[in-house]
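Please find the structures below.
Okay, so subunit A shows up in both of these, paired with subunit B first and subunit C after.
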Partner chain A sequence: MSDKEETEGSEGPVAPRRVIGTPPPTPRLLGSTAVAEGGHGGQVSDETGRGEHIGGEIPTHPVDEAHAKRVEKIVAACFIFAFISGCGFIAAYVGFEVGSNRLGAGDSVVDAALRSNLALGTSLAVTLIALGLGALLWVRHLMPDVEVVEERHELRSDPKDRQAFEQYFKEGASNSQFVKRPLVRRTLMLGTLPLLAAPVVLLRDLGPLPGTSLRHTVWSPGRRLLVFGTDTPITSAEFSVPGSAITIVPEGYADDADALTKATVTLIKFRPGELDIPTTMTGSTLIGTMNWTVDNIVAYSRICTHVGCPVGLYEQTTHHLLCPCHQSTFNAAKGAEVIFGPAPRPLPQLPITVDAQGYLVAKSDFTQPVGPSFWERG
Partner chain B sequence: MSWFNARRRRPVAGYAALLLGLVVVGLVYGAFSRTSGIAQASSPAPSQSDINTGKNLFDATCSSCHGLDAQGTTQAPSLVGAGAAAVDFQMSTGRMPAKEVGAENNSGPTMFSAQKIYEIADYVASLGGGPAIPDAQQVSTAGADTALGEELFSANCAQCHGFAGAGGALTYGKDAPPLTQATPTQIYEAMLTGPEAMPVFADGSISPAAKRDIIAYIVDTRVEPNAGGFSLGRTGPITEGLVIFLGGMGFLVIIALWITAKRRDPRPTGME
Partner chain C sequence: MSDNFDVPAPLEGVGGWLDDRFHGARGFRVLMRKVFPDHWSFMLGEIALWSFVILLLSGTFLSLFFVPSMTDVVYHGSYVKLDGIRMSEAYQSTVSISFDVRGGLLMRQIHHWAADLFMASLIIHMLRVFFTGAYRKPREVNWLIGVGLFTLGLLEGLFGYSLPDDQLSGAGLRIFEGVLQGIPIVGTYLAFFLFGGGFPGNDIVPRMYVLHVLLIPGLLLGLITAHLFIMFHQKHTQMPAKGNTEKNVRGQPFFPYFLAKGGAWFFFIFAALVLLATFAEINPIWLYGPYTPVAISSASQPDFYMGILEGSLRMMPAWEINGFGHTLSLSVLIPAAVPLGIIFGGAAIWPFFEQWATGDRSFHNINDRPRNAPMRTGIGVAAVVFYGVLWAEGANDVIADKLQIPLYTITWISRVLVFVGPAAAFFVTKRICLALQRQDKETLLHGYESGIIRQLPNGEFIEVHRPVNEEARAVLEAKTVPALMPAPGSEDENGLPAPSSRGALGKVRARANRAFAETIVVETNGHGNGHEVGNGHGAAVEAGQAGEQASVGSAAAGQLPAGENPADSPGSGI
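Showing the complex of A and B:
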């Protein structure tokens, strides 16, 4: 290393070779100032930095021609490989059938799509990677490693042009009579005024305000609880095994997705003595009580009071209801009170009772708004 | 070998060694991680000799935790009323006899043959009744409505077991197992008896026909090919995000580092 410094003239501290990502330690010479130096010719040195252009022309070919020829062959191979896989991409598109009317017997559409995607994706990826690899090797090994600074001049136009334009503009303004004729000027502004007001009017039309719709669901006194999916009502005797849990939808709205986003309910059966819902009020609203259960069967809203995900995960042993979105955990044995997570209030309890035929029905709607909590709830 | 020696001390050698180590660890783990697969036949009708044999087996293996009359101890619950289906499920999946009292019991290799499991199940059923082992017709998926099974599965099962039945996490160290290895009988029994933290889906809430629909959905889904080829565990965005961020972005970062790295010029005087 030391003889290298002597022959080329030391330009600064020696930089480490081949460390990925290390920036060069010395400043580079700018192209414009290097013209004055002149003496060294088009030498490329990477010992002192990322190759300086130290005067003269930018070198047109790399220092080591043999190495460059080797790399040239590699780059050519990359590009030829890209060509082959590009042809393979077109062949894959033509060759792999995916339409269901073009498949053989016993071949599934998913399998066909899988094969086609695999072939298309692989060939395209290989093509692009080979092109990119070839381009990178070309730049890194076949091109001189110098930094050249491109000159930048002031963007500002010169004063003559600016003055000429100013004059031109003023002439145009006076020719248009805009200043001299207030009637046309003012009526033009009047004519465009409604168009400016239009966005305000259009935006005002965005959706109706919710009013009190957030406070109610479709549950009403006497509405039967149906098992989701099979849409069958359920009796207490059918739901008698302790530890049972099932998804419930309101009768008449089993297919109404809008209603179900607020009205879905989780029904849980407890052993005698396990269920202990305190009679709780918030303000004047009754929000939980043992009177709203039937034979230790309790119904809670399935919509999380945090952001509204369905709280479906029920653990029989710990009586925990877990919401999957942000892990709010509710204790179903104690009125769905929050024991973990960001939910601000317990899950609302649906009052249930039994109708004349023995089916479980709602006693009334929820006594508080379901779903994500909002300030004006109380 | 001289090629290898010449490049041993380069920075890229460190990355290559790390990659090799990761690959080796992955292969060794994959080779030694256990799997369980259990075949199941339908149970014969119980006879008194079966029940007696079952009692002997029960006294030998189960009574230490469950009590000599299956009345339960501090370590294990009472099995009176648990039923033959619960015994068959727990033992055929290898969860029972439990090796230790922990957050939950995981499935594993079975200790008993199917015949012995039926005998113990008959004995436990004779103590207090309970759900019976379903026969082959009850778990047959012929003519089942797979679409309804998908609806029911998504509403009642997917939050714990995942939308494709790949399993999921519960609270406090428990987890819902993947459904890839369970036989139709085991799925039926699990729904019927509600093992451990799983809620009970008795025939009153999910009818036997609906149970068959759910079984049909599970069985169909787990043999369905993955549309992208590689399932990434079928848990959805979690593994997909991991692969993209660690694998994809990492690869792009390495490429970016390579593009801007200082070029190593070859020395004509052979100083490499």
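Showing the complex of A and C:
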């Protein structure tokens, strides 16, 4: 597109590159009052006093009408093509139905959507390309090639104007007595202060205060562990294959996203002797112990202590729990201690036991907040 | 309007009609004559502009069908694989746009691709502006607006791709909420107010929706308008070339040339997006399923422009400070704030830092060639490497999988590389810039190698060098050499330190000034003496690092007088 790309390293003196066959400009352009012909363009001053050159390289040879005619036909062909393709777009819209309501019984909805997408997209793209191509050929081959050199007006105003402006500002500031009367100034500031706080105050009802809600989950003594997906309770005997891990949701909250965000649990079965959870205390609170397991079955919070993704991957052979979001890795055999990654602390352990029917139930809620760190966590 | 023109009769009176109503004769004429320089790099910003237009168009279409609601429904629609599944209305309507609305899938994919193209072209446009120094006075405000547009674009994108409430974006939103919670003192309150309680609640989708379709686009539109008006008023910069000066701007007028070219460009960009939307599937939310806090999949990557945040979260070691009943979650705060803080904050203060360090307060309408500003180019490439390492780390699981490198190894490599990479990039880039300057100088002084070998009468073979032509010369000579401030710790004859280098800040400034001023001075006989004499401040001229002979010259010494025959100049400097 450019007549003046960097010519560094070019071989010998070259003439400014021109598109072959570009017709020369008409002698008068764009309302200018005079144009000098020849190799250097003319200096023109308009009524604003802004000087301007027109046509740094106006060729003197006549318009190549034959070439122009040929290009004109190509441009027209592009636009006709765009018209046809545009009609194709409308036809594709009408012709390719989507959605089970309008499709026949045996038709695949996905196939129909993709078919429609293909037809609509292709016809639209072809239309746009044809229009763009036509416009481009038009401007490059049919419009006279001009180059305008425009003077920049100084951004800096005349010193007199600058001074007058400053003067006026100072005068206005002085007339306002803003500096002279501090009482007015300060009471004004005081007066607007509550108004500035108003938007923040108004946003208060966007949500409840956090309170202690981040410290608790819906787990409570005796609440059954349900298998995610089937939503059925499970006994330790049913969960007897060592190495297996399943996702657990609390009974009564299997469809409650708010509750599940904190309460989801991973249940893992170990071979005898593999599981070794050190007894851990935070202050006087017990947060990890073998006593909270049943038959080498342990329950950890599924919510990563980093930023709250579900720790979804379990590798049987190494007993590693891995969070796919940021790769925090926990050793499930050792109280879910952190092995790698940005998580700052182990996954909280849920105390579990069995109820009278033999189903796995929670002994209590988690004894520490689950999920990501927050300021009040401590 | 004048005679002699081929204008259809109905258009004859347009000028008069407009002037009668708006007094626009002069104003509209100036508008139509606005000069647009012809350089490929100037089209990058246009890509962003046209992408934005396409985003508005396709977004309006989508908003007619999208239901921004988190109300639970059970799906019984066209897509049988999700039949009977509980989901939000937002997700249901997005599936419906994809399968039940003709052109809906196309529009969704155009919208998503256009968002990616918008951000990508924005980044590349900013790099162009940075590396050519086009942000310099008087264009600092427009640069700041650009930084603001980039920041808003990130948020707009995040909220946009989170709207369908699918499994992938829901996980991203959960991460966003987890990061919010980590902010000291106000974090939990921010999270609870934004989400209307605990995660996910029932409010976040409608709230993000209004931010995504009203507030942020409104701000973007306002800022883009301001960006264009300021650009228009200040006129374009231009690359150094023969005939381009600080006082003029060369190119083709808006009407009809740029109008037609810009129109064609719009069609091409639109076409490219339509082709992508037709043949390259993006964000197939029906495969991800509706969001549930229980599930997750590996290879969960956000859109590319959020990759830097994802990468820094992955890279961070588990640092956390607990005490006084509070938790300071550094493993979340540092990655969330520091990398983007460096990129955005650094970009925002850079023009002012450069002015401060170089003492250059003059207007600049001719851009720099990147090689002629080694310090800036070095810093820019360092920033690109910094960004790139963090960005690649955001896909470390994918890289580990594809290249069969252990995951932790990749994370460790990136932890080292994020510090070492930018430093090495800075050093190497600066060296390359100076070497290219030296090559330019050679070309300027001795011409270019013509490939013609000639035998002299004494039997010696020489290669004929041809002087560079005028066009190339104009480019090669377009180098401004920064003025030197007094050297760090320099004193006058009375033992008083120079005012500008006084104090700790002054020393920093003097040092920064040296770094910016490192350049290869083109000297010609009878003129170039910056090397020996110095620059009037009496400052010693420093050599560059390690055997490098880059010299520092004054502004005057760096300029080669036009028309001087370079062929017999000895090139005394090097």
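Here, the second predicted complex is superposed on the first by the 231 of 378 C-alpha atoms of A that agree within 3 Å, B and C clash if a C-alpha of one lies under 4 Å from a C-alpha of the other, contacts with A are read in each partner's own complex, and residues count from 1 in each chain.
The rule is short, and it goes like this: a residue touches a chain if its C-beta (ideal position, glycine included) is under 8 Å from a C-beta of that chain, and two chains touch if they have at least 3 such contacts.
The structure presented is a predicted model; accordingly, all values stated were derived computationally and were not measured.
**Q** If you stack the two complexes on chain A, which partner ends up touching A:D111: first (subunit B), second (subunit C), both, or neither?
**A** In the superposition, A:D111 touches subunit B alone.
**Q** Looking at A:I287, would you say it contacts subunit B, subunit C, both, or neither? Reply first, second, both or neither.
**A** Touch status of A:I287: no partner.
**Q** For subunit A, which side has the bigger count of touched residues, subunit B or subunit C?
**A** C
**Q** Just checking: does A:F96 make contact with subunit B only, subunit C only, both, or neither of them? Give me first, second, both or neither.
**A** In the superposition, A:F96 contacts subunit C only.
**Q** For A:V75, using the defined touch cut-off, is the partner it touches subunit B, subunit C, both, or neither? Pick first, second, both or neither.
**A** A:V75 contacts neither subunit B nor subunit C.
**Q** Once the structures are superposed on A, label A:T318 by its partner contacts, choosing first (subunit B), second (subunit C), both or neither.
**A** A:T318 sits against subunit B, while subunit C stays out of touch.
**Q** Which partner does A:V227 contact after superposing on A: first (subunit B), second (subunit C), both, neither?
**A** first
**Q** A:A362 in the overlay: touching subunit B, subunit C, both, or neither? Say first, second, both or neither.
**A** A:A362 sits against neither subunit B nor subunit C.
**Q** Look at A:V146 in the shared chain and tell me whether it touches subunit B only, subunit C only, both, or neither; answer first, second, both or neither.
**A** second
**Q** Look at A:V241 in the shared chain and tell me whether it touches subunit B only, subunit C only, both, or neither; answer first, second, both or neither.
**A** first
**Q** Identify the residues of subunit A that lie in both the subunit B contact region and the subunit C contact region.
**A** Subunit A residues touching both partners: 110, 113-114, 117-118, 136, 228, 247, 310, 312-313, 324, 340.
**Q** Can you list the subunit A residues touching subunit B in their complex?
**A** Within the complex, subunit A contacts subunit B at residues 15, 17-22, 24, 44, 46, 50, 63-64, 67, 108, 110-111, 113-114, 117-118, 136, 140-141, 145, 227-230, 232, 234-235, 237-247, 267-269, 310, 312-318, 320, 322, 324, 329, 340.
**Q** What part of subunit B is in contact with subunit A in the complex they form?
**A** Per the stated touch rule, the residues are 10-12, 148, 151-152, 155-156, 158-160, 170-172, 174, 194, 196-202, 204-207, 210, 224-229, 257-266, 268.
**Q** Along subunit A, where are the residues that touch subunit C in the complex?
**A** Residues in contact with subunit C: 1-10, 12-14, 16, 28, 30-31, 47-48, 56, 93, 96-101, 109-110, 112-114, 116-118, 120-122, 124-125, 128-129, 131-133, 135-136, 138-139, 143, 146-152, 155, 203-204, 206-210, 213-214, 228, 247, 249, 255, 257-258, 260-262, 264, 302-303, 306-310, 312-313, 323-328, 338, 340-345, 371-378.
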